[in-house]
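Next up: the structures, one after another.
Each of the next two complexes has chain A plus one more chain, namely chain B in the first and chain C in the second.
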Partner chain A sequence: MFDGWTWNLDGWIIVAGILCAVAASLLGNFLVLRRLSMLGDAISHAVLPGLAAAFLLTGTRDSIPMFLGAAAVGVLTALVSEWIRGYGKVDEGAAMGVVFTGLFALGLIVIVQAADRVDLDPGCVLYGAIELTPLDTVSVAGWQVPRVVAVLSVVLLVNLIVVVVFFKELKISSFDPALAMSLGINARAMHYLLMTLVAVTAVASFETVGSILVVAMFVVPAATAHLCTDRLGVMILISALVAATAAVFGHAGAVVIPQSVGYHSTTTAGMMAVAAGACFTVALLFAPRYGVIARWVRRRALSLSILAEDLLAVLFRAEERQTRDFPRDGAGLRDTLQTGATATRAALFWLRRRGDLQLGTAGYDLTDQGRQRARRLIRSHRLWERYLVEAGGVGGTHLHENAEQLEHFTDEALRRQLADETASPNVDPHGRPIPPE
Partner chain B sequence: MPDPLSIHDLTVAYHSRPVLWDISVDVPAGQLVAIVGPNGAGKSTLIKAVMDLVPRASGRVLIFGKPYKQNRRRVGYVPQRESVDWDFPVNALDVVTMGLYGKIGWCWPVTRKHRKTAMDALARVGIAHLAHRQISHLSGGQQQRTFLARALAQDADLYLMDEPFAAVDAATERVIVQVLTELKDAGKTILVIHHDLQTVAEYFDHVILLNMRIVAVGPTQTTFTQENLQKTYGGKLTLLDQATEAMRRAERSR
Partner chain C sequence: MSRSQERSATKIAIAALFVLLTLMVTSQSARAGESSSITDRSVDWPTWEQWRRVLLVEDYNTRLVLAGTTLLGFAAGAVGSFTLLRKRSLMGDALSHATLPGIGLAFVLATLTGGDGKSLAVLLAGATLSALCGLAVILVIRNATRIKEDAALGIVLSVFFGAGVAVLGVAQQMRTGHAAGLEGFIYGKTASMVPLDAQLIGLAAAVVTIGCLLLFKEFKLLCFDESFAASRGYPVVALDVALMVLVVAVMIIGLQAVGLILMIALMVVPACAARFWTERMAVMTIAAAGIGAASCFAGAAMSALLPRLPSGAMIVVVATIVFVLSMLFAPARGLIARAVRRMRLESKVRRQHLLRAMYERLEARGTPPRPDQRDESLPVPFDELLPVRSWTAKELRSCIRRAERQELLRLASDDSVRLSPAGCREAIKDVHHHRLWELYLIKYADVAPSQVDRDADAIEHVLDAGMIAELESLVQEQVARRRIAPSPHDLADPEQSA
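Take a look at the complex of A and B:
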């Protein structure tokens, strides 16, 4: 099926993609958490003049001068944006906008001007050339390894070591820089260390995914991971996984799959960003706690449980009045509570399964267990009415509405407090008895 | 023995606009001290200047007779609750453990022993059962208690607290007061920025009345008077304001 697949080509491209994406995502966690995603964007654009200067000065595409130039400009970007924010009286975003667009344009001009003398293609810097990865190889310990893969491996290793060794320091400087400083942990130094690594990673990633898409690799995996967990360590792991997944599926989606079904292949770098975006969308929908669906289910479950409690309360009040003044079948209960058919049916089904209701000849009846539950609810309701009148001076029509909401969120401890505060009354403000616990 | 905190001639300025003028104060040991003053009086800045978090224009601050850098282990800090991002992916125990990072040292990992210390601190403020809850799922009072527990875990001798009583529930307020009393009984010195004038006399032994400069300082009984409060809140230093305003205008037109 995968006719276009060759290990020598696709294997190396995927390896390069994974290395680049994971290296960027490790740092991306701290950018996202410090709300500095923009700065990652800014630095990865602004390093361009640093690269150009390094080319012009040394005349080679050697990695070392490139990284030095990029790191210097990266830190400069962070410093200058902060300086402009402080003295130029503009917000952070605007300050970064000023700095990085200026530097980026400067870099482009230099590259274009020097195009005759320097072997550097603006298009390659912007979009990357991951497809060319396997062509340019170096020899590492007797192995022929693509140069990009060798460079990215080193960068990933450095990022990994920094994140592991300085985990504690990065965490506290991101969460509470003032406390970090007061404890003698230099949060500013950590900030500039992070920015240097961002610049170096951006340069190393240029040749694979390009300067625009490296921003996606900084931000998207980390943002995805933040949706999935409440723990920083887990978040970093998940972001690395998402990044690697995006690289694999990016290449598969760009080259292998289109070729095997007869379409033209597209750029792997672009597809990697799309795959990362898809991961984010999936997390947004399905994340266990913060996902859209999980939130919706929680909201539905809450309203269903409130409806179920209201049903019990209605039946309890009817028993209390010793009247059967409404039909106690599904339709009758629905009319009394003014609720939807599906919701009522679901709530009734759930109550019967739990053993709170049984179906008699005249409709639904409370079981002993259901009566007990309802009695506590009514107790909460009437104690609240009492409390609101006595302690808050609330009166009139609001009284019932307020108590109707509060009753569903009142546990035994709170009921005891309410009873204490209101001197354990026997009747509510309307003269109805407050049932015992 | 030198005083826990000794400030001499401290002046702090933001962009050549003075925020604190000529602050001189010595805080004796074993005291519960309230820092009281209107908004913009420089209360937070004073605390931050003590810990070298904001640059000083002039003056000297000594912690137990030494500069802050040499004695930072003896200082515990409780920042304002709004100063951090509560959506950060850490739980209450992590936040309290951060108070120990200075002791643990660069690059060393957090161990079980440190977590135990943090857990004990959480228990002291009554929220040990919430240790593993993500911090945005804590109530405001519980968040404030987490910060207090963090300061307790630091086991300092001088505590600087920025509005620990701001917007907390009654139960939390009682816990904070109890912890402050325990700390004082253990011989610690605590400086608290406090907004609620009603409770100053009840909670604190000492008071620093601040409005860009020190208006009055001393035992609460003799210093926290109507007259001094008038000077702090009512008697604005209008001439000083005018001078500052003129300075700023000149700065802008230049």
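Take a look at the complex of A and C:
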């Protein structure tokens, strides 16, 4: 399965991928929270004139001037977008769109103007060459380490230190810049620090995952983590974990999947983005609180419990009015409440299991326990009606509808409070008795 | 200088120019052979002949490119004005990147089934389907989870593009079909536009224009108040999807003709530029379409005229220049216009503060100015005005000078200030407004009398006539019309309070 998998090569590729992914995801949390997710994309396109200018000024493709030029333009992109947003009152995304397309076009013109002499392919800026990682090595403390790994380790370390040291400041200024300012934290300086780090990380990552795919590591792990937790510290940890996982499985997928259909490996950087997307999909579906499935189940459970309470209330009212021919079988109850067959059957089944209902000759009957439960519900309903009339001035048809919604979310303490507010009445506004607790 | 001298000077100048031009041309042609320095970027200026050819669109190819890009700019600008107001400007960015996996898969499938993997119809179909998938994913993420729109765009952009790169990585290994250059599909080549491209663009532009015209009212409502539209029974989701489908239509057609970055720019920049000029939706849409078309025409024409200027990049640069100019100089919302308006307001506020300070000083002495005053008021020494507010002596002096120019008051030689009759009337009006608002705050907003001065300070300058009339009727029992109520709080002697 892992034909041609050599740890000396693939191991370094994975290490480079993990370093880049984690470095980007650390900052990505703050970008996602500040709704600046598209900034990575904007910077990745905008650095072109920086690269071109650095090349034209120095005449070499030496990486240090190129890096400085690109990072400078990256920071400039963030600043100018922010400036246009603030002073021009332009939407955030649109401001970024204006800046990065303009800069990209400028860079393209400069490159084409100097096309005869310049060997600077915009394509090679946009696509990383992570597969070439192991070929270019430097010696660090006697070890032969790929240059990319050395560079990205430094970037990761810097990001980590900044995030740990300025955790509180970044957190407050991301959630509430005004509060941050009032606490004496310079939110603007934090913003610029973050933007600088984003630009540096983006530019440093071009060599590994390709500029457009840096966006994946800026956004996707952080968004995944955002679905899983409400705590920023936990969110950062989860996002780093997701990023690392995506890097490992992305490379494995790039090697294994094409082999299974008879081709050589495909682009690792692309597959890393896809793996991150897969992580996001899993979180989207299965996250415990904010996942689609969890939310669906919670909604179903709530509507089922409301339906069950409505069933009890209907039977209680029938007993109260002593309606003899009230249909008490499943179909009759369904018609009365206008609900679906499956939902009614499930609610009735659940009520019988809980011992609130028993099956009699003419249909369902309330047990003592069920009657007690229903009485409390009716009490809530009629107290609410009373309260709404007296305190809220609500009348007419809205009265019943409002009370019908509120009754399901009213506990004993609230009932007591309602009774106090309405001077413990005995009848509701329609003249029906309010049952005791 | 005699006439003959003048003529010979002209001759010398022309000759010098000619020599210079010849030198430039020869050095250019000489340089073409050798490898010259990289900093040399001299531009070959076009001849009159070339100008004429481009401007009168005589060349078939130029005509094609100009017509195609201009129509594209028109359509993209119109659609962009809606997406801008929906705060979805970067939707085009995300969706254009999301076309890549569709292009790759369409190629692979067509090649595997023995078809032509690079036929335009196949690739367009793949790109469209893929972009629509991306759109659906964005809407699902946005509507079904707590993830915000911008992150949804980022996710779709990066994951789809990554998938596309991975698919192309496999497609390029296929023995048949020659996948090389497939990714070029989304980078576009404006200069080599073929008639089919121009026809497609024309068609898409027509569809988009008609769509925008037919659904203009609905889109407008969608942009400004989505929930109101829903409450009036408009199918909001369907309209949203319709708008996005128009975006996808323009984008896919434009993408392969002019490239990704240019398409993003055309969707965003003209609309942003147009926004500075107007507050009316219809005007903005037309302006955005016009700016889009004009920048495309100008950019493409410049590219045809001057060598080595890629037309796509030139169009973006022209549009960006229009944006910058609009942002600075547009009268409605431009930076300069807004700054001027703010400065005018600030100067008015300072003037009213000065006049009110004058009135209150005079009033404290028991000699308030009267509305029917025919001569100057009594003098108030400068030193007495200075502690009234937190203004520096320099600020106060410049404020006095400005009011002097408007003949509201006069700074006498003994460094005291006197109100002119016009200044008296102005001061009475300002004090009237201030105290009306104070009384209103005390009576209706339960603000303590010791607090109202500062609150009224913030609002008194922006009260219009209707508001004043309303205030007067509200606090009428306390204020007889045209008369000034006494201040509801102590007008503390600044000397003592300081």
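Note that in this section the second predicted complex is superposed on the first by the 377 of 437 C-alpha atoms of A that agree within 3 Å, B and C clash if a C-alpha of one lies under 4 Å from a C-alpha of the other, contacts with A are read in each partner's own complex, and residues count from 1 in each chain.
The criterion applied here is as follows: a residue touches a chain if its C-beta (ideal position, glycine included) is under 8 Å from a C-beta of that chain, and two chains touch if they have at least 3 such contacts.
In this text, all values refer to a predicted model and were calculated from it rather than measured experimentally.
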Touch check for A:Leu241: first (chain B), second (chain C), both, or neither? neither
May I ask you to decide whether A:Ala72 touches chain B, chain C, both, or neither, giving the answer as first, second, both or neither? neither
Which partner does A:His226 reach: the first (chain B), the second (chain C), both, or neither? both
Does chain B (first) or chain C (second) touch A:Ala419, or do both, or does neither? neither
First (chain B), second (chain C), both or neither touched by A:Ala150: neither
Check whether A:Val98 is in contact with chain B, with chain C, with both or with neither, and answer first, second, both or neither. second
On chain A, which partner's contacts cover more residues, chain B's or chain C's? C
By the touch definition at the top of the document, which applies to A:Ile109: first (chain B), second (chain C), both, or neither? second
I'd like to check the shared interface: which positions of chain A are touched by both chain B and chain C across the two complexes? 35, 87, 226
Residues of chain C touching chain A in the complex: 35-39, 41, 84, 87-90, 93, 97, 141, 144-148, 150-151, 153-155, 157-159, 161-170, 173-174, 183, 261-262, 264-265, 267-269, 271-272, 275-276, 308-310, 312-317, 320, 323, 327, 333, 335
Touching residues (chain side chain A, partner chain C) in the complex: 32, 35-38, 40-41, 45, 56, 59, 84, 87-98, 101-102, 104-106, 108-109, 112-118, 123, 127, 210, 212-213, 215-216, 218-220, 222-223, 226-227, 254, 258, 261, 263-267, 269-274, 276-277, 280, 284, 290, 292, 295
Using the touch definition from the top, list the residues of chain A that touch chain B in their complex. 33, 35, 87, 165-169, 171-172, 174-176, 178-185, 226, 229-232, 234-235
Hey, which residues of chain B end up touching chain A in the complex? 15, 48, 51-53, 69, 72, 75, 77, 79, 83-85, 88-91, 94-95, 98-99, 101-102, 104, 106-110, 134, 150
